[in-house]
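In the two assemblies presented below, subunit A is common to both, partnered first by subunit B and then by subunit C.
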Partner chain A sequence: MASTSAPLPSPPQSSRTPRASSSSPAAARTQISTDTTARGTSFRPPRFIRVLFDRFPIYIYPTDPVPMTAREFQTTLSKQPKDDIYGTNTLYVFSLPGDAQNCAPSFNPGCLKWQTYLKIRGVGFCIESSSNHASPTGSLPFLIAEAAPIAGSSERHLPKTIPVSKLAQWVEDNAPGSVNQTNPDTPDYRAFTSLIDTSIRQAWLYALYIDSTNFKAQTKPRYTYSTPIWPVNYFLGLQMRQAALDNLKINTEVSKITGRMIYLRAKEAWAALGALLGGQKWFFGAQDAGIFDASVFAYTHLILNQDLEGSGQDLRAGLETHANLVNHERRIRSTWFG
Partner chain B sequence: MAVGGSDDVFDILKNAGSPDAVAAQQASRKARDEEAALKVQRRAAETIYEHSTQPVYFDSITVLGAQKTSRTFLEKIIKPTLDKSDQGGFTLKEALRELNKTINGLQHFDIFHPNIPFYLDTPPSYSFDPANPNAPVPLTAIINVKERSRLLLKSGTDLGNTEGSAYGQATFRNLFGGAESLNITASAGTRTRSAYDATFTTPINASPFSLIELKGLSTARDNSHSSHTELSKGFVGTVRWATPSHYLKQSISYEGLWRTITSLHEDASPTVRRDAGDSVKSAVTHIITRDTRDNPILPSSGTLLRLRNSIAGFGPLKGTVGHWKSEVESALAFSLFKGVSVSSSVRGGILYPLTLGGGVGPRPSTVADRFHIGGANDVRGFQTGGLGPHSGKDSLGGDAYVAGSLGMLFPFPRAGADSGLRFQAFVNGGRVLALEKPPGSGKASVGEEVRYTVSRLLSEAPSLAAGVGIVYGHPVARFELNFCLPLGVRGAYGEEGAEKARKGLQFGVGIEFL
Partner chain C sequence: MRRKRTRFEARGQSLQCTSRIIAPDVEEREKGAAYPASGGEVRSTVPALPSYDIHANDRLRRDPGLYPETGERTKFPTTGHHIHPSASSHDGPQPSSDESPSMIELHVWNRAFGLPSLDPECLAAIAFLSAAIPQDLWVLVESNNVSISPNGALPALKDGSQYIGGFDSIVSYLSSRSSGRSDIDRNLSEIQKAQATAYRSFIRKTCLPITSLSLYVTSKNWVRITRPLYSTFLRFPLQYEIPHSHHARAIAATSHLSSLIRDIAAEDSNAISQPFSTAFAGLTASKTDEQKDAEKGEKITTRVKLRNFLADFLDPIREKLNREKYFFGGSSPTSVDCLLLGYMSLLVYPDLPSPWAKEIIHQEFADLVRYVDALKKALLGDGIDRKEPEEADRLTFSSWVANGAADIPRRMGWVDGIPLEEEDWQKQSSSFWVALQGIVGLVAAAGGIFAYKTLTSSEVEVEVQEKIGDAEVYTTARAEVGDASAAGTRSVNEFSERETAEPLPIFKVEDMLGLRL
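Entry: the complex of A and B
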């Protein structure tokens, strides 16, 4: 099994800023498509073959409907099949099925960040509980964008899959909501972003994957809810934990000292973030919430609202001393997850 | 030199060492030996024939050379013969026939070298009583087996349905002396990217017609037609038994598989993305096959009927996949005249979603469980999984299908009927549908959905293709090169959701064809 299957928070993405989103994969794809057209034109079958092939098939029947989704399948709902998959933006995240139906916050910070950001930007979407295997990048989240209608027809194009690396740009192009004007190219912005992606994230990983109380009670059952069968959940659990360990770069024994150090650094990070926010409504003194607020909320919400046990309580205690961060979490929660 | 020419004794002697002369001598000696052997055989046959009605009984049957084979296992094979002899009224002819059966039984398990000689004699203590010539004569039989080596290492290439593979294999024969075997295989192929399995097989009660098979496996299968790779790890336990007199073969198996749909292509469709991830299939399957075809690779007479029923996730089976899957397959072949034969087959299947043990209501099927129909050795003239619902370039599979073909095989000019080469012409087609709600009803039970889907399946025109081609029936696999043209297809080329037909040449290799 590749490490991609371990449902960890997605790797730091915030270095890709909304406007500076790189388009190199798109460029590569264009390259490929020109390539195939070139090949297509260079090979031409003989005329009589083309004439023959053009006559067949003799009959063309209408296409068949695609299989029903779980939601369509539930007899209580009577949605038209096409509406559901083609007519909605769907963010694929780690979520329990019940939460997914209510668009409740994902239990994975990487997913929650984007879920929150899409809400902040006023994008209409529903969420679907999924797994890393489904994602084009190997880790969640990703978005399947609403299919564009074909001009002059009730049919729609095939919806596009937006990997997380292109999500920021997609939001810029499609979001109706307000724009957060914070410049992401300042040293400060970058420093605080990396603070979340290292100090806070490592503490989160430690509390949920290495601390066995939380791992057994929360992490494992949540991430393996779709296959709660021994020994599959056991192996998946091992993989997740190993991936977390690899991530923390402590491959051998996790001593208490390292754990304490990780929490200490997290505490410092909370203090720094608390000082950054100060008495303002949003980070960096912005008029509206932005992606930075979403990434802070992704952790603060989960740390404050999940009943972390064991060493996770230290993590929460460290956060709770900063009332402005707690209020920031409550503000986002009540505005967009009320 | 001047006199006598080649009759000269010196010439003869001079030529004695030449290769021709040696070969001639050897040939004549061989002929003489063969003649002698034949005479001995004929003499033995005459003796046996003369005494074929002589009452006999087996005093003992000894198996020599079976050091590693357990006594109880051999006893089970030999006992029927001894029992027959004990019943009385046993003649020499019957004794030989029974002995032959025993030897066939020994050969069957593949633990001895196939050449098994035997010797018949009377016990040393026996003396013929002229006063009572019809008294049963005691016989001692000695069967001389040679055990094959316990470990067999093998590597090679294999042809399966639409795929080729290379494999390495280790076989441990006669593991516990009862013809048990352990087979460990690792293979890499074009579609099954990698496969590892360990299979333990043991005959049931030393019978050649029933066995138990326990298998652990790990495979990675490239399902490009649905833009993903499917990993499976798990366990399969199977009981197989055959009723040769009725051409019947049956099996019941349990499988517990952990499957992962992963490594999605960049342009995978939303439907496949939704199904990606882990699932656990815990299923019981029953297969019954009645096959009277003369040659399954290239049949010219006989019929095939196969029923396959599988229940997954229901009740105590647990798992995360719940369904009842039923498939029926039938084929028919007959000769018309002068080597021309007709073959036809019909298949159909249905997947009925079931509520998992402890679950709330049935869940829809996933791309891993649905039927994918079409391909070079399925419905020809379509790509692999080319029929039925599609999204983007993905075959999504259907919950119900029918497929059929009608073909004629013609002899190949200047190649005999035994060559395995044939011309063929065929029409084949099928219909694949995902489960649908009847129109206008928001709330439909699964039963109603299945009924509606099946009624559509049977009432609408199938997607069709026809073609001509060359067939080569090799004992290992059947090769086909066809020129196909689709006749009726769902969706125009390039249209979203269209079926994937294939125009032009199509090459197929496989064991089973539609």
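Entry: the complex of A and C
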């Protein structure tokens, strides 16, 4: 309203709008009379209402800026105090705040996979402890990419948010080249990826969510550290556990699954992965580690380095019989998380 | 687990001492006995083996250490119903012959679509048995009874008294049982075996949603073909529950495909509406060309989406197969071939009203159809012997109810979903029922006490009918039992015009209940 008032040919001298200027009784009368003639009715509001409305507007805010270009918006953004967080890539993962500062491995395999892969590809980034609610897609991890500087100025473009589904492509576009030339479309690659996504993931879910000792000691405190109030974290825990249960039930073709069956499958999967790795340094005989190595490491690291109690020790024992997988984990850990 | 092994060895000894004809089979059984140490899915029950040495059996029965599971069996009758009590006595008198002691029975879901079973895993198991062991050693049993399987799903293998559930377990059980002779993967290299494990999980993960979508979730196929199919082999109450549970499972398996399901439904509904629109062509405005084009375009995009969906599964398989006859080359099928045949034949063969899967595969993956055809001819041919299920393994209403009742606590989410050990399944549900019985008992006791208190309450109401003049008068008096005078006084006041003030007839509750007699 104020902006339309600016170009009016004869604005009142005061900062008030035309309607405000009608506070003088004469002006009000003329305005209302024009209204009535326009409508062709003889309606006239009662006097006290006219007096009341003559007082408005009480205050007029300063003029908004005209519609902005994106560039100008970025300038205003980059002047904000949190400027520094846009100066670097930030990966939002499940992590405890202390771990996030040291860029220590996340406790969630899905996040750790991408954290490892970004490190392998030499992308500079810091990690931020976060939760699903922060993510635009509803799942972690996601990356807020470094805001690119605008040429010829000290300001930056608006930073981009990259969800996990587009992270691989973003790494290809933004990271230094890799010598790992494994083609992710080969049948074997897909088959072994699905082996990790089913057998090993299910065993992980069972050990960490269904096995109540680990769930109480590790999973629940970690995922609900930010809401330590009693009933809230209790129900969050229940929800997480139920989600894991549903996931395990959907993804098996039998109805009476047991933890033993799940661990047996995982054991077969470790054996298969061990045979696949063989005596090579990296999976699929690559020159350098790649995303498949990262996704194996995400599970092996957590299984070997967390103190899994109860039935989780079976899972760990199944993995430890394959020395090459253990060495593979150690190799990645010492190289990128040393 | 260790207890079981002890018993197996004991049984092996008892067999060895009498039967020389089936000596190789004893070795096999010992091999089989070693299996449970690694695999958790072999459930052994009371040995219903033909007892060649009846005394040995008696010895076993006398010694509780060697025979630890009889107690368990009585403890969990709901799950043990498949053990026919007369099984051992029935087999006992049989003379030992040079026939195989017991045919291996493969229990599967019913035949359908010109295939021996309607379930991909069952088809895979049939194919595996055809490939692994001679036809005269096993029979197919269409028992449709999941309660016989230790993992609650078919296929299940019944070898003597042992039940083995699930394709993977059947493969590893038979491979170890016959000292490697029925291991159809024995010629594979280490890395190929690793690949076999990976491809099995790949096939299940990517193809189960496809078959579920095609047979169960595509509503036209489900309503017209698959659901009626169940009615052809299941009897009255079961024909409603069992297909429903399969349908629910298929919906859960395809929950991530909601947009594809919508597209298929839209395509199907268009196809249905066409005959109507021609029938009423005079009444309804015919579609404009633009609309038709839009519909056609929609149909094409749906087709492309479905093609991509199928290609996610079939492209890697085709590339890996590389026009060979078998998955890993070679001259004989492997377990991956069997699983692939099981899943793919349900896409290739059924004639469905919404035939997207069949059409796309026949159009674009013709080489895979040839591969499946050849495998089907070899492994799912006509030569399979069938047998009616034994009385104990039959799917009856009572066995279904018993199995369902044991499953209720878990289904309703009253107990934890996935126990660690197989035995916990029974423990969980039986402890739940014991608790429920306890609660019901407590409630009944409390109710009884309450009823007794109310009935024996000292205050009673008595309705009195009197004739005063010509009119009948009803009055209600309320008084303590036995306190006739109090009731009487009140009534006397009320009926003061009467000459005689008789005390009201007040009954004690004991009289009413007949306790005084």
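FYI, the second predicted complex is superposed on the first by the 245 of 338 C-alpha atoms of A that agree within 3 Å, B and C clash if a C-alpha of one lies under 4 Å from a C-alpha of the other, contacts with A are read in each partner's own complex, and residues count from 1 in each chain.
Note that contacts are C-beta pairs under 8 Å (C-beta built on N, C-alpha and C of every residue); 3 or more make two chains touch, one makes a residue touch a chain.
Please read these numbers as outputs of a predicted model, since none were measured by experiment.
When the two structures are aligned on the shared chain, A:Glu172 is found in touch with neither subunit B nor subunit C.
Touch criterion not met for A:Asp307: it reaches neither subunit B nor subunit C.
Once the two complexes are overlaid on the shared chain, A:Thr258 sits against subunit C while remaining clear of subunit B. By the touch criterion stated above, A:Leu158 is placed in contact with subunit B alone, subunit C being left untouched.
In the superposition on chain A, A:Tyr61 makes contact with subunit B only, while subunit C stays out of contact range. Shared-chain residue A:Ile144: touches subunit B; no touch with subunit C. Residue overlap on subunit A between its contacts with subunit B in one complex and with subunit C in the other: absent.
Interface residues of subunit A facing subunit B in the complex, by the touch rule stated above, are 1-2, 5, 49, 52-53, 56-70, 72-78, 85, 90, 92, 128, 130-134, 136, 144, 155, 157-159, 161, 226-227, 229, 232, 235-236. Looking at the complex, you find that subunit C touches subunit A at residues 38-41, 121, 146, 150-153, 165-166, 168, 190-191, 193-195, 197-199, 201-202, 204-206, 208, 252-253, 255, 316-317, 319-320, 416-422, 424-425. Across the complex, subunit A meets subunit C through its residues 186-188, 190-192, 194-195, 197-199, 206, 210-211, 245, 248-251, 253-262, 264-265, 268-269, 271-276, 278, 311. Per the touch definition, subunit B reaches subunit A in the complex via residues 231, 258, 260-264, 266-271, 273-274, 276-280, 318-320, 353, 361-365, 370, 388-392, 396-399, 432-437, 442-445, 460-461, 463, 485-492, 495-499, 501, 503-504.
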